[in-house]
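Following this message is one structure expressed as C-alpha cells.
To keep things simple, chains are lettered A, B, C and D as they appear, and every chain counts its residues starting from 1.
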Amino acid sequence: MLETHAEHFETTKAEEKDTARLEAFSDGVFAVAITLLALDLKVPPVGSTGTARDLVEALLRQWPGYLAFVTSFLTVLIMWLNHHVLFKLVGRTSTQLMFANGFLLLMTTAVPFTTELVSAYASRPGARVAAGVYGGAFVLISIGYLWIWEAVKRGRLFRRDASERTIERINRSYRYGTPMYLLATLGAFLSAHVTLGICTALWLFWAFTATEC
Amino acid sequence: MLETHAEHFETTKAEEKDTARLEAFSDGVFAVAITLLALDLKVPPVGSTGTARDLVEALLRQWPGYLAFVTSFLTVLIMWLNHHVLFKLVGRTSTQLMFANGFLLLMTTAVPFTTELVSAYASRPGARVAAGVYGGAFVLISIGYLWIWEAVKRGRLFRRDASERTIERINRSYRYGTPMYLLATLGAFLSAHVTLGICTALWLFWAFTATEC
Amino acid sequence: MLETHAEHFETTKAEEKDTARLEAFSDGVFAVAITLLALDLKVPPVGSTGTARDLVEALLRQWPGYLAFVTSFLTVLIMWLNHHVLFKLVGRTSTQLMFANGFLLLMTTAVPFTTELVSAYASRPGARVAAGVYGGAFVLISIGYLWIWEAVKRGRLFRRDASERTIERINRSYRYGTPMYLLATLGAFLSAHVTLGICTALWLFWAFTATEC
Amino acid sequence: MLETHAEHFETTKAEEKDTARLEAFSDGVFAVAITLLALDLKVPPVGSTGTARDLVEALLRQWPGYLAFVTSFLTVLIMWLNHHVLFKLVGRTSTQLMFANGFLLLMTTAVPFTTELVSAYASRPGARVAAGVYGGAFVLISIGYLWIWEAVKRGRLFRRDASERTIERINRSYRYGTPMYLLATLGAFLSAHVTLGICTALWLFWAFTATEC
C-alpha cells in the first residue's frame, strides 16, 4: 500500500512538471499584459491645469481611459481565470497545445489595443468599426480556447484525476463561445452598443462558469 | 505512522497546488508593477545641459520624480509583503477569492499613477485634489484586502497549519485599515500634508505588522 | 525497494531545484519580451479620421505593424518552445550555462527591434540593410543555442532520465542552424526576400523539431 | 531509517516554501528590468534615411545606445547570478531580509537609468557627473548585498545544507565590495574612465566569484 502511494505520487509529480513551465509562461504573459494596462493612465500635464478645479475637471475628462483600463483589466483577469480552470484538468503537453496556447496569448496581448480603440472612438463616426474590430478579436480568442480544448481532447492530455463534470461543463459552454462572439461582431453593423452589450453579457457568463468549477 | 506522514504530505501538496498559480500570477503583477516605476526616471536631455554643473542641477531638479519612485516602490513592496503574509495562511482558492485578489491587483497597478499625480502637483494649486485621489485609492486598496480576508474566512480556505495568532493579528489590524484611509482621504480637504502624513504612518504600521508574522 | 524509491526521488528533487530558478528567470524574460510586442500596436489618432471609412483605411494602412507583431510573437514563441525542449534534458547548471543562457536572452529581447527594423524599411531603399541586421541577429541567436548546448554537453549537465533520442536529434539539427542563418544573412546582398524566406523556412523547421521531441 | 528520510524531506520542503515566493518575486523584477532595456533600442525614423547607406550610418551612430544596452544587460545578469548564488544558501526569510532584498531590487531597477545617463553624457562636459552617479548607485547596490548578507547571518537563516566554503567565500568577497565602489565613485573626480574601469573590473570579479560557487 505504501509503495502504491509512492508510485502514484511520482507519476503525479512528473505530470505536473510537464505543464508547469507552460503555465508559468502563460501566467507571466497574463501578468505583464494586465499590468501594462496601467501605463495608459496619464497624469494631466501640470501646465494645463491652473486651479484645483481645473485638475478635477481634467481628471473627470479622462473617464473613457479609466473605463478602458478597468474593462481591459477585468477581461484579461477573466481570461486568466478560465485558463486556470482549463489547465487544472491538463496533465501533459503536446506541441499542438503549445501552439494553441501561443495563439491565445497572442490575442490576449492584443486586448488592450482593441479596448483602447473602442474607448477612443466611443463617440465618433468610427464607433461601429472599432466595435467590429473589438468583437472580431474575441471571435479569435474564443477560437483560441476551442483550439486548446481540442488539442487536450485529441491528445488525451487530461490529468488522471480530472473532474468529468468540469469537462462536461466546459464542453457545453465552449460550444456557444465562437457563434456568440460572431453574432456580437456582426451586431456592429447595427450599432456599437449591440457588440459591447453581448460581449459584457458573455464576460459575466464566463466569470460564473469559472466560478462553478 | 509512516502512512500518516505520507498522507499528510499528499494533502499539503494538493493544497499548495491550488493557490500556487494565484500566487505566481499575483507575484508577476507585483513584480511588473514595481519594475515599471523605474521607467519614469528620465535622463535629462543632453542638449539642455551645457556644463557639468548644469547636469548636477538638472538631476537635482528631478527630486520629486525620485521621491515618487522610491515612495511607490516602498508602497508596492509593503503591499506585496502583506499579500505574502496573508496567503501563507491560505490553502485553497475560491472564485470570490480570485475576484477579490483581482480587485486588489487592479488597484496595485494604479499606485504608480496616483503617486505620480501627487508628485507632479505637490507645489501646485491642485495638491489637495491629488492627495484626495491618492488617499481614495488606498481606501479601495484596504477594501481589497478586507474582501480577500472575508473570502478566505467565509470559504474556510485556511491552511490546516495556519497560525491562530497570525489570523487574530490580521483580524485586528484590518479592522482599522479602511476607516484610517477614509480619514486620510477626508484630511485632504484640510491639507495634502494631512493625507500624506497619515498614509506614511500607516505604511510603517503595515510594515511592522508584516514583520511580526 | 521503498528506500530506493525515496532516494531516487530526493535526487531528482535536488536536480530540479538547481535549474528551476534559471528556467523561471528565462520564462520571465520570454514572457515580458513577447508581451511588450503589443505596445507597438497603436490606435490611430482620433483627430486624423473623420468618417468610419477613414478609420478602416487608417487601420489597414498599419498592416506592416500587425505583420511585425505576429512575426515577432511567433519567433519568440518558437524560441521559447525550443528553450523548453532543451532544458527538459538539463538537470544541473554551471556558470558557463548561465552566461550562455544570458547571451541567448540578450538576443531574444532584441528580436522586436530587428523585426520592427525590417517592417519599417520593407519597401524602402534600406530594405536589404534591415534584412541583413535581422539575419545577423539570428546568426547570434543560433550561436547562443549552440553555446548552451556545448555548456550542457561539456559539463555533463544532463538529467539522468534525458532521452538519448532527443539528444541525438538536437545534435543533428543544431549543426545546421548557424550556417543556414549565415547564408540567410549573406542572402541580403541579393535581396531582402532571400533572407526573410530562409528565416521563415527555418522557423517552420524549428517548430516541427520541437514537435517531435 | 525510512522515517528519518521522510522527516528530513518534509523539513527541507517547508524551508523551500518560505523563500520560494521571495525568489519568484525577485526573479520577476530582474526579468522585467532586464527585458525593459531593449525598449531603448529605437528604429531610426524612416523619413530620415534616404539610401541604404544612410540607414547603415544611422544604425552605426546609435552605438552608444547598443553599448548601454549590452552593459546594462550584463550588469543585471551578473547581479541576478549573485542573487541566485546567495539565496541558494538561504532556507528561511525574515522581515529584515525582505526589506534588504527590496532595497536591492529598488536599486536594480534603477541600473538602466544610470547606465543610460553615462551613455548619453559619455563625450560631454557632464561625463564625470554621470560617472559619479553611476558609481554611487553601485555603492548602494553593494550595501544592499551586504544588508541581505547581514540579515541572513544575524537571523541564522541558512539552509541546513549550506556549503561552509561558499559562505566563507562570500564573507571575504563582500568585505571589499562597498569600499571598492566608493573608490570608483570618488575616482569620478579624476575622470569618468577611472569609475568605469573599476566597475568593469569588479563585474568580472563578481562573475568569476559566482562561477566558483
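The rule is simple: contacts are C-beta pairs under 8 Å (C-beta built on N, C-alpha and C of every residue); 3 or more make two chains touch, one makes a residue touch a chain.
Note that the coordinates shown come from a computational prediction; the quantities given were computed from them, not determined experimentally.
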item: Shared interface numbering between chain D and chain C [over half = same, under half = different]; value: different
item: Rotation in the CA alignment of chain B with chain D, degrees, nearest 5; value: 90
item: Centre-to-centre distance between chain B and chain A (centres being mean Cα positions), rounded to whole Å; value: 24
item: Distance between chain centroids, defined by C-alpha means - chain A, chain D (Å); value: 35
item: Two or more partner chains touched - positions in chain C; value: 2, 6, 24, 27-28, 31-32, 36
item: Of all residues in chain C, those that touch chain D in their complex; value: 2-3, 6-7, 10, 17, 21-22, 24-25, 27-29, 31-33, 36, 95, 98-99, 102, 105-106, 109-110, 112-113, 116-117, 120-121, 124-130, 133
item: Touching residues on chain B, where the partner in the complex is chain D; value: 1-2, 5-6, 9, 16, 23-24, 27-28, 30-32, 34-39, 41, 43, 46, 49-52, 54-56, 59, 69-70, 73-74, 77, 80-81, 84, 207, 210-211
